[in-house]
Structure formats: C-alpha cells, structure tokens
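What follows is one structure encoded as structure tokens, with my remarks underneath.
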Amino acid sequence: MLETTDLTVRFGGHVAVNAVSCAFAPGTLTAIVGPNGAGKTTYFNLISGQIKATAGRVKLNGVDISQQGAPARAQAGLGRAFQLTNLFPNLTVRENVRLAVQARAGAGLNLWKIWSDRKDLVVRADEVLETVALADKGDQLAASLPHGDQRKLEVGILMALEPQVFMFDEPTAGMSVDEVPVILNLIRQLKADKTKTILLVEHKMDVVRELSDRIIVLHNGELVADGDPATVIASPVVQQAYLGINPEEKEEVAA
Amino acid sequence: QSGGEIRIAHVYSKTGPLEAYGKQTQVGLMMGLNYATGGTMMVGGKKIVVIEKDDQGKPDLGKSLLAAAYADDKADLAIGPTSSGVALAMLPVAEEYQKILLVEPAVADSITGDKWNKYIFRTGRNSSQDAISNAVALDKAGTTIATLAQDYAFGRDGVKAFKDAVKTAKIVHEEYLPTSTTDFTAGAQRLIDKLKDQPGRKVIFIIWAGAGNPFKIADLDLKRYGIEIATGGNILPAMAAYKNFPGMEGATYYYFGIPKNPVNEAMVAQHYTQFKSPPDFFTAGGFSSAMAVVTALKKTNGDAKAATLIKTMEGMSFETPKGTMTFRKEDHQAMQSMYHFKIKVDPAFAWGVPELVREIKPSEMNVPIRNKK
Amino acid sequence: MSLFKDMDWKPMALVPLLALAALPAVGSPSTWLTLTVAGLAMGMIVFIIASGLTLVFGLMDVLNFGHGVFIALGAFVATTVLGSMNAFTTADSLWTNLLALLPAMLVAMAVAGALGLVFERFIIRPVYGMHLKQILITMGGMIIGEEMIKVIWGPEQIPLPLPEGLRGSLLIGDAAVEKYRIVAVLVGAAVFAAMVWTLNRTKVGLLIRAGVQDREMVESLGYRIRRLFVGVFVAGSALAGLGGVMWGLYQQNVVPQMGAQVNVLIFIVIIIGGLGSTLGALIGALLVGLMANYTGFLVPKVALFSNIALMVTILLWRPQGVYPVTSR
Amino acid sequence: MSEALLKLEGVHTHIGAYHILHGVDLVVPKGELTMLLGRNGAGKTTTLRTIMGLWHASQGRITLAGQDITARQTHEIATSGVAYVPESMGIFSDLSVRENMLLAARGARTLDDIDTTRLEWIFGLFPAMKKFWNHPAGKLSGGQKQMLAVSRAIVEPRQLLLIDEPSKGLAPAIIQNMIAAFRELKAAQTTILLVEQNFNFAKQLGDTVAVMDDGRVVHSGSMAELAADESLQSKLLGLSLGAHQ
Amino acid sequence: MLQRLLSKDLPRSPWLAALLVLLFLGLAFAPFLFPGVKALNVAAKILIFVALVASFDLLLGYTGIVSFAHTMFFGIGAYGVAIALSSVEEASFGTILLGVVCALLVSTLLSLLIGLFSLRVRAIFFAMITLAVASAFLTLASQLSDFTGGEDGLTFSVPELLSPGFELSEEPLALPWGEVNLNGKLLTYYLIFASVCAIFLTLLRIVNSPFGRVLQAIRENDFRAEALGYRTVVYRTLSNVLSALFATLAGCLLALWLRYNGPDTSLSFEIMLDILLIVVIGGMGTLYGALIGSVLFVLAQSYLQDLLRVAGEATAGVPLLPALLTPDRWLLWLGLLFVLSVYYFPTGIVGRLRERAVLARLKGMK
C-alpha cells in the first residue's frame, strides 16, 4: 500500500503539488490525468524521491519513507519510468537493462566477481528485452535507438527492476501506433498479477479508459477528482479543463 | 677508462624554470675549458669531452641522469647542477659510483654540509658565504636591520647565516613570505611598522630569488621613514630593478666590472666577441669550475680516477675570474672573495651598476664548516 | 535591465563586510587603509586578467587552461612596445607616461586577440563540449605558446619598468596608495562596464549561452554560432592580453612562465564568481585581493592557503559560486 | 496540387558507418500541410534533420523554393525561412522562456521588437507560456516544454515549418489548440511538414501524406484518401485500430 | 585461466592483443633487452606510470570523475616510504611496510574526506576543488621541511637487498649488445614489475565486476543510476578511495625506485597532466590504454631531446628550424603531442584499434 498525506512542494512562489493525500492499493491501476503542468510528473518525483517535499509524507506499506533519498526508495520497491527518456546513452541496450536487474539483485557492491559470471542476471536481462520487443537490438547503444525504441527501453528498465509500485509517466508518448500494444499488453500483465500497485500518467484517453481501475485528476497541483474511470471522465473538470470540450460539441480527439 | 678521453658530464637546467641560469653556466664552462687548455681542449694528453644532460630542474631526473652519465656514458666526473634540490638528490649517486661531482652553481649549505660526501666539491658560493658577505657589508653600529626572505629553506637558511654573522647591527624583525607572493603590501606594512620608530640607519635586507618582485615594497614610499633597501647581487636582467635604488649597498658574488685579474679580463673579452654582451653571474661560475677541473687534471697529468683527484683537489688553489679560490679540505667548499658594492645609475647600462666598495677576502668571512666529519 | 531588478545583494555585501571585519583585527586605521586600498586594487588587476576567462569559460563552457599564455603574450608584447617608447615612459609629464601605456595595451590586445583566432581554430574547435580534452589540448597549446615566447623573446626574465610618473605612492595621512594601483582600478572598472553592457544589453550573451547547451538548435534558429564563438574567444584572449600588460607592469618584470603562475588564481576567482558571471568574477577577485593582504598581514603562514580557504568557504555557502549563471 | 516548396530527390543519409536513408523522394506542396508518418525507426527524424542540414545527404538533392540547399549550412537554411522543432525539443534549459522566445525571434533585438499581437496569439494557444514567462525553461513540465518548442517556431512568420512529433505529451485540450494554430498558419500561406505518430491528429490536419519505412518513402498521396482506406492504413502503419481507439 | 586472469576483458582486436603481448614481454625482459642505467630507469618509470594511470582511469574513464588530486595520493605514497626510510638508521623491509601502511591510511582518510565533502557538487567544481586541494597539499609538503625535507626533498637508502650495492654476481652478465649488472637495482625492478602486474590485474578485475559496471552507469547518467537504487555517493566515494589507494601504492614504488622523493617528483601538476594525457592517448575507460599510453608517453618524454638533437643537426643551416628543433625546445614538441593526440586519437589508441576490429568484422559479415 502506497500512501501520500498532504504531499506538497513549492518552487519559489509556485505550488506545484498542493496537499495531495491519496492511497494506492496493490492490484489496482490508477491513472493520473490533468492538464500540462498540473503537477503529475512532480507528484511522481515526490513519491520516488527525486525531489524533496516541502511538506507532507509518503508511506509505503506503513513505513514512512519521506526522509529517504531516491536510491533507498527504489530499493524499497518504488519503480519509476521517466517522461523524458532517461537512459545510459553510451551503454548497450542489454547493459541498460542488466544494470536494472543487477540493482534488483542488490549485487552492485561486489568488487571481485566478474560481472558476466552472474549468468542469472544476464539471462534475466535478455528475458526483459524479449518482453519489450527489443531482443534484436540488445547490442546497440541506447543513444542510437530511434525515439520510440528508447521509450520501450525505458519501460524495459522499469520491468527489470520488478518493483512493487510501478510508476509510468506517459509510456507510449512518441511510440508508433503498432508498437503501443506491446506496452499496453505488458501493463495488462502486471495488472493481472494482482499484487502490483500501478500508477500511470497518460494523455491518451482511450488508453486510460481501457486500462485504469481508477482515475485521479490533478489540476494546478491539487487533487480535484478521484473515482472510477467513467464517472471521472464524464465530470465537468475533466471535460472542460482537460479535454477542452464544451458541453455542446462532443468530438473526441486524442487517439 | 675510455682511451685518450676525459669525459665530463655537465648536468644542468637546459630547460625548465632555471633555463636562463643553466645556460650561463654551460657557456662559462665551455669558455673556461677552452681558456684553461689554451684552446686545445686537451689535458695530460687526453681530449676533454663534455656531455650535456638536461635535468629540467627535476631532482629525480637529475639523479637518474647522473647515474646514466657515470654508468652508460662512462663520464669520469660530473659538473652541475643548477638547482639545489637537484644537487641534493644527486649527492649519493656520486658516492655510489665513486666519482667526482663538482657542484656549480647550486648554493644550498647542506650540499657541503650534512648531506656531503667525500666525492663532492663545490666551486659555487654557498648560502652562508652570500649571507655572511652581506652581513659584513651592512654590519655597522647604529644600523637597524629587518630581513625579508622567502619562506622556505633557502630564505630561512640565508637569514640564519646572516644573523649569525651580524655582530654590531641590530636585527629587529624577520619577515618570511611565501614564494608565490605577488602582493607585498602586507609584508611591507609589517616591516614598516617594525622599523619606522627605530633610530639611526634603517635597512630592509632582502633575500629573494625567482618569481615575485619584493622590491615593489619601495613603491610604498619607504623613504618617508628613512628606510633603505639592501640585497645581494643577481643576474643582470634582475638588476634592472636596482636602477630604482641608487646608493643601495650589499655584497655580490660576481659582477663583470668588479674583479681585476687576467682570467676575468680574458673571459669578459671572449664573451663580448662571442655574444656582444658581458658575462653574467653564472658564466663566471661555469668558468671557475672549468678552471678547477683543468687545474686538477694538469696536476694528476690526466689521471681522472676519483681517489687521485680527491687527493689533488683537497686544499688545491686555482685561478678563476673571481681571483684565486681554494678548496677547503674539510668540506671541499671553494673559499673565495665576495664584493661589497654600492649601486650607481648609469644610463649606458640597462641595469643598476654595482660599484665596488671593497673586496671581502675569504679570510674576513668565517664560513662555518657544517659537514659532520 | 534584468541586472538590477531583483538583484541579489548578499555577495556584494561580502566585500565591505570582509573589510570591516578586518579593521579591528588589523588595529591601526592607516595600516588598514593601506591594506584595503591595495587589496581592492589588486583585486581589480586580478579581475582584468580573469575577465577573459569568465567569458570563455562561463559563456562558451571552454575550460581554457591555456588562458595564461595570452596573459604572458600580452606582457611580452608590452615589453617590446614600451621598450621602443623610452622617450614617453621616461618623460616628466604624467600624461605622456600614460599615453605610452595606450599603444602598449592596444597592441597587446591585438596580438593576443590574433593568437586567440588561431587558437580557436586549431586548438579549441575540435573539442567544444568535451571538457577533459579541452584541458589537455589547451594545456598543450599553453606549453607550445610558452615555448614560442622563449624562442622569440628568450627564456630570461625581461624587465618591464613602470613609466616614471606611475612609480611611488600617494599619501593619504599615514596610508600609502601606489599610483599604479589607481590606474589599475580605472582600467578594471572600464573592462567591467564594457562587459556588463555587452552581455546584458545585447543578444550576444544569450546566444552564446544557448549555443553551449544546444549548438544545433541555435543554428537551426538561423544564427552563425561558429562566428560568434570565434568572436567571444578572440575577445577573451584580447582581454587576457590586456591583463598581461597590467600584470607585467605590476610585477615590473615578465617571465615566460608568468601565465602558468596565475592559472590557479584566476580559476579560483571565476569559480567563486559562479563560472561566467562578470559581477561574480569581480567580487571573487576583490575578495581574493583583500583576503591576501589581510591574512598576509595578520598571519603570513595562512596567506598561502587564503585563496583556497576562501573558495571552499564560498562554495560551502553557495555551492555554485556567488552568482550561479548556468547549471552545467 | 500546388507547386512544390520543398523537394527531396533520392536522398541518402549516413550516420557514421550506418546507412539510414536509402533514397527518400518527397514533395511538400506550397501552402499545404504534409504529414510524414511511419513506424519507429523508419527515418522520419533523420529526414527532417537532413533537410535542416544537421546531417548531410551523401547522395541526392534537396530543393527549397527552386534552390538547391543540399549542401547549405544549417543557419543558412534557417535564415531562408525554415523553422524546425526537433524531436528532443531543443529547449535551452538554462535560459528563461522569455529568453528562449527572444532568440527564436531572429529579427528582434529586444523583446519590444517582437510583434505583440503574435505573442498574444501564442499566449492564447498556450497559456502556460505567459504564466512561466520568466521561469527557467528547464523547469517546465514535459508538455510545457513541447509548447515552448512549438511557440519558438511560430513566433515570427516563416515559409516552412518542420515539426517533429509536436503532440507527444500534450493534454487533449492543448492538442486542440495546436490543431487550430496549424490551421491558422496554413491559412497564412505557411507550408508545414509534420512528423506524427498520432494518427487522429494527422487525419484532422493533413492535406497530403507520405509514409516512410526503412529509410524510404513507401507511400504518398492525399490524406483524405488514406483516412478513408482502413486496409491501407493497417498495411502501412500497422494500425490495429480496433485495439485502442 | 588467462581469461580469468584478465577478468574476461580481452583486447578484442588482434592488433591490440599483439601490441599488448609485445609490450608485456618488452617490460618483463627490459633489463636484459636494453641494458644500461637510463633504459632501466625508463622501463621502471613506465611500470610505475602504468599503475598510476590505471588507477586514475578507474576514476576518470570508468566513473567519469575528473580529479586533479591524483598526484596528491601518489605523493602520499612516495612520502610514506621516503619518510619512513629516512627516519631510520638501518633500512629494513619492515620499515617500508610501515611506510606503505601509514601512507595507505592517510590516503584513505583524505580521499574519504574529499569524496564525502565534494562529490555532491557539480563535476566541474569537483575538478577545481581537487586542483586547489592538490596545490595546497604541494605547498604544505614544501613547508613542512622538518618532516618532508621541504623543497629539497628526502634522499634515503633502501634495504641492502634492493640497493645497487647488493651484487648477485661479481661479474656483470655480458650480452652481445651490452652488460647487465646483476644487483639490487635489478631485484627492485622485478619487485616493481610484479607489484604493477598485481595492481593492474586487480584493477582490471574491479572494473569488470558488478561494481565496475555500476561506475560506468554513473558516468553515463548518475540521476538514472540513483533511480535504479544505486547510491551514487557511496559508489563514487568508494571509487575515489580505491583509485587513491592504488595511486598511493604506485607512489610507494616510485620512492623505492628513486630512493629520493620531493614535492616536484611526485606532487607536481605537471605529473597530473602527464597522467591525463596518457589516459587520453591510451584510451579512456580501457585499462589497456594505460599500458600503451604509458609506454608511448614515457618513451617520448625520455628520448624526445635525443631525437631533437639529431633533427636539429640535420637541419642546421635552414633558417628558423634549428631554433625550434633544439633539444632546449623539446617541450614545444611535447605540447604538440598533447594537441595532436587529442586530434588524432579521439578514442585513444585502444579505442582506435577496437573500432578497426569492429569495422573489419562488419565488413566480414557483408
């Protein structure tokens, strides 16, 4: 169980996330939607420890982790994929994933073993590459991948971490239409597992509608709506502030 | 021994921070060998071969170059180096290979002091000689002296020797500044504060070599308190700054216009024909070392074995541009004259001209013997 | 414009604060005045020699370890120029003396700037954006430059006497202020004003900062970033040349190694300043100048480490320097 | 179809040892909006970068308004009236939003020189730009950066816009605004070449379309035609449309 | 076996492999292949630089940290041995060990301190802080003259077994191309050779361990590494400490070889630059580069002047050239070497050779 209480962060005068209290249960996928700049990514950053909260608390399984840094939270089971692709550019695709597997196995401080002797880690990395359809690109440098493949690798790294809480920040942005299902299937499988807590930031409403068990809406840093997908999407905040639809003309845009 | 040759290695700062000094020594050495052998470069029927080695001012390099010179190049004896640090590192090598090292122009006292071994001779003056001669020049009743020196061994040893030699004048303050000092205002203030209320003649004695320009303290208008500056001699480019201090007194190791003897006349003439300029400080040193070597070899009739040479050179006197020098038996330091000077400004020269006040003979300087024996 | 709006005054207050804090420690007001004025003027000279590097490092993000060679070059050029102007430098009139400095400065700047052009083309251009290689290649350039100076001017130290009228001090009560330092303050102030104006009143500063982050994008916006970079580098080198003249005249002699000798000092100054802030560099330089004199007077041993201690203290307070310009 | 403003004929591009474009033929008609579609890695971004002169074509010819620009340098291409929004957005993160815009407005020496009505128009499209005017651009949210990147390209009138995936990361309401903006620009005779993954977005805007695969253009024609033909869509783009529409 | 010894990090290029074997054999038999004091000194210096540069590459090439304080640790090692040996009457191996251990302790403390204090600041600040700390340390070493011998440094003797006076055989070994003295100096050379091999292989193992891989990840993107759960401060500090310790060991070897140490010998900024250049010539992030780079650089540095003497004589009479080609201006050419190596070896020699091997393989596949 992941829980935030009055989580707040202020940048100078600007309150990017304002007293957001919310709990996320294992086995559910919660979509977080809101206009650009609503504070979704910042909310993620606060949870995973990339930035320090001005006020409020984050608890994981009842333990207060607010004072811990990003590495400790990652070890505690918070996994994060980034909105703007964030890889190890001059390492190979396989090594990008293997490093995540190695982090998961806690083997990083071993100074004396030869890395390739940990066959289990290598094998596991290849499995993950298979699941994100990058198996044939394992030996390329991450930097030379086209944008869409980089997004897939970003997701692959998260998968390799096998966290308890998965945080996806627009995983399919810039991914070509035929590749999107690969990622969506992955997320579906995670859901099917029933033990993982999944948070998803996504602007494509059809994806949100299809995958989520619950939607929360952030607007100007505040939590303004929370509930089951159909109700929330139909609510006036979402319709106007987010989708930009006037009640009269009902045309849907996002793919 | 390689046939009819006497191989001399000259290890010096051909490059590096002391490049300009090292080159003077080399010029002087070659001129001296030429002069001493009457242009034949032969002594005792053997040809003199000079092998140049560049220590770049690095002690470790100097050390290995000297070893290579003795072992690989089969040098019979070595001369050099420019820097005292390099010299100190080289001393044990001479002992290991049991060959002579004639130190020139490195000045540190410890070379002929506690780091000395019997293979070491030195034609160059040591710090004590420098300091003592300056003390002799300045040491008058009623004079108050404060010293300004670089804060490391060279400066501190110099001041110590100076203090030991001063008998009648009063020393009120010792100012040590880091070698890297660029702004001397703070030090000057402290010196002024210490001196300004003293009676009589007030002198700041400066011991400084290398980067930084301590004479800038004069810009703080020391005259208003009647404070004078004194320092030893230096190479000609550095003595350009002396132009601002007409009447300044001190004692120097060498200035081409001062010694009157045939050797010096020959060197000055030769230098003018070859370079259209007068010889400098270290040219004289290099020349002296050549004179020492050739004099000794003449006596041994070309036998360059260390044991023979040591026996010959201990107590040996030889002629140099600075007059007669003598290797003292105890520590192999060459005893030599120093010159008490007073600066005169002459527009014909780019530097302040040191005029001889009087020659300070070796006998007037009680240069301590510092090697443990 | 933006310079004075929401200005951050704290770093500027450091300079007077340091001076005031030193007053009781030094004791005598006249000594304090001498030290303070000398320190501030020294700071100005240091600012002049560091100003070019602020441009090159702060704007272009080029770690130019060879900056010193331009300083040395400027100084050597000055020996040649002033050497040929004996009549002016030894004249009785202060104005004639000052007039001699002008061509020396201009020629030094021109020569250093010209060398900067060559340097940019052959040394810097292949390594934009690669700090480590910049360090190496510019050190290489510095070594070559220093050796060339030895080839041209010889390895010896060359005297660079001050013109007659600038020697000695002005007396304010019991405190002595060297005349030359007053000249330095004026030159430094002019350099500062010129830099602030160019960087804040024109687009040049913005463009270069943008170019460092994303060269391709600046070109895609239609700017000839390359020419701009060359221009800045040449300006930085010319400033170093000017700095060399000032520094050489201060020392009254020049040696080929003088550039290398000031390298660490100027890096400390621009780090304190925040890597690229002109005002920051000025404050850094003034602090360094003052600190050297106060510690030199109070505890000379510590003076050796005063710059480093100052830098560390400042970085503890503001880890990016007093005026962080960029977040590289 | 009107005359071509931009034309690529048999363009090949190499990146290092890799051969990426294998003879791209592309015509962008003047005053129209051309969509460039294709899967990940098809070479769309590389095509735009080659047009901009950021990669150099190893073979083939690129003409802009009748002039050969194949060998021109990037800044020359830009000054001949081309604006480019790269895939990675190319935001100057250390500069403020204002400074980013000022640089994009090539003609302006200071802010006062920027056409205020145009600025207001941009603020209307992307209110966040106004709100964060003096903020460092690096601190903007992902979507806001995207808005800034597009704003920079349209702050002054240009004859040709090259835009790489502008809709990614944008909230639906903003996408609406952007569509409106492109329509207005088109009305003002601006030619646009747009790379897009979002087919719905593409469908609403495009006049003509080109589809790339493996470094070549494999289909080109009118947008209406492609939009109507679902089997062609799934063949070219791999759209399994039922899956998530 | 060899595979494991090299931690499965093979040269991956036939030319590179051949070159490495050649250099290894050359160094292993240097005293017999190239008799003479100077040649032996050069070979020993190469060995010491291999260890020093390899330890620096752990920091720079693998972790992506630019530090100018590496010579400080080198100096600590050299001073450790020097001070220990010069403070006793009779030099023994125990004394050396004591010096080494003390030096390692000091280095550990100091590198921990530097690491913890300043690894959080921006890379460039770290570089500058280390530059400042290193120069402060140099000043300190020359100030504490009672302890360190000040500017003049310390000259000391080593245990009988390692000193030149210790003869293995009366007669030098006569080879057709020269004579080899079988003495303590030779033993010292092989002591250094063995130590450097051990240091090199240990470092090779470390960079190929899971830990080493994390260091590379941190170099590429520290922010991302943190998000994966790696505490970058811990890794960076550890890398800092390890690299300092190996540099210290290299310093100890230097002191043993020279039987002298002073501030310029082990602490100067010049050595720091040499290290940087060697890393770049050899290839950053490949330890083999340390070997190749050291050989090339030290050879160039040691024989450039001789080469120039020949060149200068050959061009005598040509205007200007002799002024540039004199041995006095050897630094000019060394500076040129700096510039050219950055130009022509952007990925270092090892990188170059490996690229060639990859290209050849690609061609073979087609």
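For reference, chains read A, B, C, D and E in written order, and residue numbers begin at 1 within each chain.
Keep in mind that, in the parts below, contacts are C-beta pairs under 8 Å (C-beta built on N, C-alpha and C of every residue); 3 or more make two chains touch, one makes a residue touch a chain.
Just so we're clear, the structure is a prediction, and the values are computed from it rather than from any experiment.
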{"item": "Neighbouring chains common to chain C and chain D, by label", "value": "none"}
{"item": "Most extensive contact between chains (C-beta pair count)", "value": "A-D"}
{"item": "Chain of greatest Cα-centre distance to chain C", "value": "A"}
{"item": "Farthest chain (mean CA position) relative to chain D", "value": "B"}
{"item": "Chain B-chain E separation of Cα centroids, rounded to whole Å", "value": "37"}
{"item": "Length of the line joining the C-alpha centres of chain D and chain E, rounded to whole Å", "value": "52"}
{"item": "CA centroid of chain B to CA centroid of chain D, Å", "value": "77"}
{"item": "Junction residues of chain B - those touching two or more other chains", "value": "19, 151, 178, 180"}
{"item": "Which pairs of chains touch, using the document's own definition", "value": "A-D, A-E, B-C, B-E, C-D, C-E"}
{"item": "Of chain B, residues touching chain C in the complex", "value": "17, 19-20, 23, 151, 175-178, 180-183, 185-187, 189-190, 193, 211-213, 215-216, 219-221, 224, 235, 237-238, 240-241, 243-244, 350"}
{"item": "In the complex with chain D, residue positions of chain A that touch it", "value": "11, 34-42, 83-84, 144-149, 169-170, 173-181, 184, 203-207, 210, 241-244, 253-255"}
{"item": "Chain A - residues contacting chain E, complex", "value": "48, 50, 69-72, 74-75, 80, 82, 86-91, 95, 98-100, 102-104, 107-116, 118, 121, 157, 161"}
{"item": "Chain D residues touching chain C - in the complex, by the definition given at the top", "value": "52, 54, 73-75, 78-79, 83-84, 86, 90-95, 99-100, 102-104, 106, 109, 138, 152"}
{"item": "Chain E-touching residues of chain B, taken from the complex the two chains share", "value": "14-15, 19, 54, 57-60, 63-65, 67-68, 70-72, 84-85, 88-89, 91-92, 96, 108, 110, 115, 151-154, 178, 180"}
